[in-house]
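Both of the next two complexes hold chain A, though its partner changes from chain B to chain C.
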Partner chain A sequence: MLANLATLALNGLAWGLIVALIALGLSIIFGLLDVINVAHGDLFMVGGVLAWTAVETTGSFAAALVVVPLLGMALGLATERFAIRPILRNPALTIVSTFGLSLILQEAVRATFGPAPRRLMAPLPGTLPVFGTNYEIYRLAAAVAAALALAAFFLFQQRTRFGTWMRAVRHDRETALTLGIPVARVQLLTFALGAALALLGGVIAAPITTVDFRAGVEILPACFMAVVIGGLGNLPGTAAAAVLLAVTEGVVSGLSDPTAARITSLCLMSAVLLLRPQGLFAGAAR
Partner chain B sequence: MSTTRRSFLATALAGGAASVMLARDLYAQEGGPIVIGHQVELTGGFASWGYWHDKAAKAAAKLINEGGGIAGRRLDLVTEDTESSPATGARKLRSLIQRNRAAFVTGSVHSGVMLASIPIATELKTVYFSTGEATEATGSRGTRYAFRSGTDTYALAAAGAPWAFNNLGKTWTMIFPDYAWGHSHHQEHKAVIERLGGKVHDPIAVPLDARDLLPYLTRIPQDTEVLFSVFFGAQSVAFYTQAKALGLEKTMRMYSVSGTMEAIAPEDMEGAAEGVVVVENFPRMLRFKDDEFHREHLRIMEVDPVHARETSSRRVYAKSHAWQAWENLFLLKRAIEVSGWRTKRNDPDVIRALEGMEVPNSLAHPQGAKLLRAQDHSGMIDCYISRIESNEYRVKHMVPRAELQAMLPPRVDFTTQAL
Partner chain C sequence: MVEPLLVVSGLAARIGRVPILAGVDLAVPARGIVALLGRNGVGKTTTLRTIMGVVEATAGSIRFADQDITRLQAHLRPGLGIGYVPQGRGIFPLLTVRENLYLGLRGPADPAIETHVFERFPRLAERLDQKAGTMSGGEQQMLAIARALMMRPRLLILDEPTEGVMPRLVNDIRREIAAIAASGIAVLLVEQNLRTALRLARHVVIMERGHTAFAGPPESLRADPDLAHRLLGVGAPT
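Coming up: the complex of A and B.
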């Protein structure tokens, strides 16, 4: 029983790190642009589809890991420039705009890639005995990759000039503008970075889940829950909440009914909204 | 009686309404086209199936019109997309019947859409063929206007579970998505296995949006001999992939129904589906029902005879379900011609003609000969139990329709309902 719970906790941690990567993108976009990107899950889905295509074309998963996030940045740049910036002053319109983008991405993938789901083989096949269970090696590698990407992002944010600009704009846009920070460029690149994180999450998750045009619809609620529990725009809080949610669901599903695990997550979110509407991790470094 | 302004208006309105109804009826009597609606999932989660339902219905309509139409009248097939949503599907059904004046409707494979549509079709007194599997459509929530030529969860359990019990194992665990379709399969299969003296562990219901299934797979008891799963689409691929990674197939037999891998090629699952046993309604490989009608059907549908893959794309024919979209049009044609139907007023005659209708194996019915049972409006068809070997669906056992019918006593009798 304990071994099973330990496996589920480990798996929750691994899956949570991947979700954290995607949720982080959602959170930085909201934190800087005040845009609730309804298409963020679909960017994750596009990441999976492009990864499958890259592996089919080149036979290399490593190529997908490098190329797909770059394509994500390009997609993010185009989206911010043409679908967000013209209506940035009206948050309600940005929801409509990103919802439209979500439909366009889904239907474009359905029309080209096809509606049937596909499997992407794990680049590291095989299992390791972990707490008495044969645990997939790739899941451990995916968790490490996601953790490295998260660490790289936070380092980038803390140690580079652009990262400092990002924090400044998130803290006070008007003051940042008066200090000469190129706010429009920071917003543009932040959206692109958020999109790249979503596509990178899609690449890493694809061998674990599957690749299909509806994948984004299913991942988005988990990301929103992480953002809400972590605190809107609170980046370390979002990452921590994603891991907390996944570990909680894993452990509770080991102790009782899987549906009870989902109910526990929803109760946790409701409790945070009622008791700490600023987020569970408010006060953590922004 | 003197005419007042109010009585004049009331008479004028009543007269207007009557003339509209009369004109509509006269239009239908003119011997013009017969409109049949097709309510189908062209977009949304069921789009991979909907593509084939749409293609099959259009091909069948073309075949009917090339053969002289229905009772000498052209068939106009009007298609509406449900977007794989029960609310949209219900709205589109009203549109088909009230705006497009569809006299009959061949409907959705999405159980939610199907169950939302039957009350509307009944309210509008329109014959509605559903193609989904929820048993309620021809059971507790069915009506005299609702028909289904294929199988439901009740029939699939009767067709496959006894064979699986005898050949795969006696101790079962069932894992399924946490909604009506999954629970319906669980209840029907549990009843059969327990009746045969088998043991069924507590079910594992998985949230619909779960993609990481490991927390659920680790709950499967070690003594399980048969793991029965009924996932759909991407979740199904995720299930087989993750179960394979854990090596579950080494200690237990994997058993399922065709819906879990419909429109998916085993070769696209890179070996994850190898060894899985499924119940099919129409064998994916031609050689297990090798006749001229099946061959011609595949030629018209433009799919290869081994993997049922479309010749011009990588799509895989949703063969175990989409044949109904084809055959339902021919069932309606036959009923209209046998009953002498001319207008909506003759609908009761069409219903009576459909009840108990037997059709032969033919190009109109390439799945095979079948009976549309009068009492529960359900198709009694041949079923096939296949095992995936070398990425091919190889039939191991055929369940003849007579045998299926004997194991499947009707639970309702719609013929007692007034028309």
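Coming up: the complex of A and C.
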């Protein structure tokens, strides 16, 4: 029983780190552009589909890891420029716009990739003995890859000029402008970076889940819950909340069932909204 | 006659659908301090924000150093030599003092300017790695001014720099503003304290309901207490 719970907790940790990556993208886009990107889950889905396609075409998962996030950046740049920028001053319209993008992405994938879910073989097969059970090596590798990507993002944000600009624009767009920071360009690249993170999450997750045109619809609520529980705009809080939620859901699933696990997450989010609407991790460094 | 560094003519602007400015005229010479005065809500801050380009001008023109910048993108204006210290300081509290100071620079800082700024504000040099939000209001104001100076401005625009600052630091800030002007940087100052404004400024512009109602030397205001009372609601200090 204990070994089983430990496995579920490990699964939750790996999945939580992947969700954190995607939620981070959602959070930076919201923080810098005030845009609730309803299509963010679908960008994750596109990442999985492109990973599957890249592996089918080249036989290399490493190629997918490199190329797909770059394609995500390009997709993000185009989306911001043509679907967000013209209506940026109207947040309600951006929800409609990204919802439209969500439908376009889903239907485009269904039309080209097909409606049937597919599986991508783990690039690192085999198992390792962990807590008395055999644990998939790829899940551990996925957790490490997601953690490294998160660390790289935070390092980028703390140590580069562009990262400092991102933090400044998130706090006060107008003052940033008066200091000569090209706010529109920062917002454009932030959207592209957020999209790239979602597609990267899709690539990492592809071998441990099914590649399906509906995958984005399933992951989006988890991302939103992480953003709300972590605190709007609080990036480390968002990442921590994603891991906390996934581990909790993993353990509760083991003790009960997945429905109870999701109910637990929703109760946690409701409690946070009632008791700490600024987020569970408000006050942590952003 | 020296050509003014900044010339604002017939400036109009609105926020949302509400017209705020309707006919602002002012000129700032290349040296000295110009004080922009007026009762609360007459459009002083909006005038400064329009000069900086964060509020769009709907009519009129803004010329800086003989260049029409009325339609120039906001983020390109500081590069021309316009430094801005907004009302409320505009400090990024979660960034360090160092990050705040260098935020507006595109390349490495000019060592001479750096030395000059740290000599002028030694407390900032001691707290470079501290989060800016943990400093006192007066220190944050110093940081905001130092940040603008790091960008080597030819014109420094200050919006109520002594607002919310502890009284014992207010005189320090006033002295700094005078020293900055004496170093050859033009200053456009919005200041609530009329006595301070008249003491520092060479030229005074008073706004009333979105337009310029008076422009002239401080002596004119002192000589006409009725004028000061009508436009500012207070008598001019002697």
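The criterion applied here is as follows: the second predicted complex is superposed on the first by the 284 of 286 C-alpha atoms of A that agree within 3 Å, B and C clash if a C-alpha of one lies under 4 Å from a C-alpha of the other, contacts with A are read in each partner's own complex, and residues count from 1 in each chain.
Following the convention adopted for this analysis, a contact is a pair of C-beta atoms (placed from the backbone, for glycine too) under 8 Å apart; a residue touches a chain by one contact, two chains touch by 3 or more.
These numbers come from a predicted model, not from an experiment.
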Review point. Looking at the overlay, does A:D212 come into contact with chain B only (first), chain C only (second), both, or neither?
Key: first
Review point. Is A:G132 touching the first partner chain B, the second partner chain C, both, or neither of them?
Key: neither
Point to revise | Which of chain B and chain C A:L179 touches, first, second, both or neither | key: second
Practice item. Could you say whether A:P277 touches chain B, chain C, both of them, or neither, answering first, second, both or neither? Key: neither
Practice item. Give one of first, second, both or neither to describe whether A:P86 is in contact with chain B, with chain C, with both, or with none. Key: neither
Review point. With the two structures laid over each other on chain A, which partner does A:P117 touch: chain B (first), chain C (second), both, or neither?
Key: first
Exercise for review: Check whether chain B or chain C contacts more residues of chain A in the superposed model.
Suggested key: B
Review point. What part of chain C is in contact with chain A in the complex they form?
Key: 49, 52-54, 74-79, 84, 86, 90, 92-95, 99, 103-104, 106, 147, 151
Exercise for review: Sort out for me which residues of chain B touch chain A in the complex.
Suggested key: 43-45, 47-48, 51, 178, 204-212, 214-216, 218-219, 233-238, 241-242, 245-247, 263-264, 268-270, 272, 313-316
Check your understanding: Which residues of chain A touch chain C in the complex?
Key -> 164-165, 167-168, 171-172, 174-184, 285-286
Practice item. Name, in rising order, each residue of chain A that touches chain B in their complex. Key: 4, 7-8, 11-12, 15, 107, 110, 114-119, 121-122, 127, 133-134, 136, 139, 205, 208-210, 212-215, 217-219, 221-222, 249-250, 253-254, 257-259, 261-262
